[in-house]
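Working notes, beginning with the structure itself.
Read from first to last, the chains carry the letters A, B and C; within each, the first residue is number 1.
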């Protein structure tokens, strides 16, 4: 962690850390054994720069989640390599925080207790833990519900709690597995804006898995379009709608064209 | 504890699964032979096995087993017929439900084995008391599961059936089939209960049957015989459960593993 | 998945629904008991049934009062409760850790699964004569018997609950820096708690049944022992008295267990939705 790191919640964006990128090389992965073996990923190369918001876009079954889990160290690498500034990825760790589609909050802990969990494991001193948790909860606007249980909250609130929990351990990289997939359209829209705000404030790498083209174009700096069977990155596109609020509205026709292009690409990948 | 049986691999694989039991038997034998445990307290496994075959040979064990099984089948059969019927009825008819629900709720916490002395007193030491005990004891899980199963049927399923011209009889069949998984679960619990109640009754108040055999051999100090019968009882309970599981799987073949 | 408009208010958790339902359930049970007693009284008054087969409620009540006055009722209840709860506690202490081990450790799984699987449907009381042989005709053999009977239930429901911890929960914990050992206690155990408690709630009445049955076999102290002597002396009111006592005890335990479950699982969705 950088010395004198800005406290989360302050308005100045944190500086992008030098060399804190994510690099994937020649990554291949198969499930099952022998005759029933399925090649989920085939020779994937990816280079993500510090502070980049990178979307993995593709239809179901294209291996985008598998790629994410390999980056997170949740599945052991079979062939190829995944590296961060801290070295090769071999197991899960607090430098790569993960957010799941179904929130994965510990239902027996309150929101606050969930947010505190990681910090306790990392040995953050008590006073600092509490302070950081309060800041984060305020940032995601859950300070009034900090002592509620997840089962008492709506989907959007639970997802915010999950994001706060992951941010609490100050990971270099935020891995997100279709985090807004379980939310209704309106909540999803709000959460997308909030995620962008958080990203701009904290300057972390975000690897975001989605099958929604709109979402990818809105959120990503770069979008890797993936194809299935076997999973490959078909092409990588840049996008620049995420820095400005309401960019979608202001540059509506550009946005629409980009979405159409990518939809076409994805459609092609599904058919092949 | 349900386990999916291995699909491929046949009998050898199945046998290997139960290897830990063989290890346990070996440990048992070793424990006694090595002198760590006195054979008067724990007869060696080999002796128990020999004793079992002796009993099988002179027919004693089959006699008592037949008596016990007869009671189980009768009591369980009655419980299934009446229990499933009652459960389904409760699910479709409000007045029936209102009447039976509190009755079941009352029976639930009553330890069914507590009924043993009463039934012995009222119906004597023969078959009738035990069959009645098994009937009453197994009734509860069967009715509850049948009721929940029938209750839990997706209404849309019923509407589709009605939409496709089903009459009352057909609708009942649809509901029955949809509730079948739960019904069978209840029956499987019933099987276990039946054996438990049977043995309890025969142990405490028996004149014949496997439970009685255990008690009498124990009382006479014929421990190898006693252990042999106990093992047989365990084996019977296991086989009955597995058999029922097989029936369940065959009947519910249409169900993809949940 | 909630599909309503985004709301900032949490789901109402005010008057807990389970509390309300329980009240009306309890009321209907009491009504049912009252009705049953009236019917019983009606039958005995009618005189159509041999009082030997069905003694009048008053007679049974008198017997209970007698037993209470002589202190026997209390000592019987205490003896039975003691054996039942001691066996229950032991089965939990032994069964939960084993269930966790079976769920998370492959060797333990391989070794113990067939053993539990074979033992589970077996009538456990068949082992009572064996335990009497080993531990004598005292309280210890009863407690061992009860432990043995409840053990398989506890192990199998613990194993079932612990083997289905949602992957995202485990992975989140790992990515939040928890060690495997910490995960067992901090994530696996709480996550399996509903299933474990299911098993315990089933095991508790089993402990009571087994205690009473064991007492019937051995004779002597406890509700079962008293019922046994009553039946030996063809004392039907005595047997009925024992029945009522067991029923009451059983109901008490079941309700207590349900209340404890609600307390422990206060964080769980089922507790809030009143299922």
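In this section, contacts are C-beta pairs under 8 Å (C-beta built on N, C-alpha and C of every residue); 3 or more make two chains touch, one makes a residue touch a chain.
Predicted, not measured: the structure shown is a model, and the values here were computed from it.
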item: Identity of the chain that, by mean CA position, is farthest from chain C; value: A
item: Chain pair bearing the highest count of C-beta contacts; value: B-C
item: Innermost chain, taking as reference the mean of every protein Cα atom displayed; value: C
item: Chain B-chain C separation of Cα centroids, rounded to whole Å; value: 19
item: Rounded Å distance, chain A centre to chain C centre (Cα mean); value: 46
item: Centroid spacing, where centroids are CA-atom means, of chain A and chain B in whole angstrom; value: 52
item: Chain C: positions in contact with at least two other chains; value: none
item: Complex interface listing, chain A residues touching chain C; value: 69, 72, 74, 91-94, 96-98, 100, 102-104, 106-110, 117-118, 121-122, 145, 148-149, 151-157, 162, 165-166, 169, 182-184, 186-187, 190
item: Chain B partner contacts - residues on chain C that touch it in the complex; value: 25, 28-29, 31-33, 36, 53, 110-130, 132-134, 156, 159-160, 205, 208-210, 212-213, 216-217, 223-224, 227-228, 230-231, 234, 236, 239-240, 242-243, 246-247, 250-251, 253-254
item: Residue numbers on chain B that touch chain C, as the complex places them; value: 1, 3, 17-21, 23-24, 41-42, 101-103, 105-106, 108-118, 120-122, 191-192, 195-196, 198-200, 203-204, 211, 214-215, 218, 223, 226-227, 229-230, 233-234, 237-238, 240-241
item: Sites on chain C touched by chain A in the complex; value: 1-8, 10-11, 13, 166, 168-169, 171-179, 182, 187, 190-191, 193, 267-269, 272
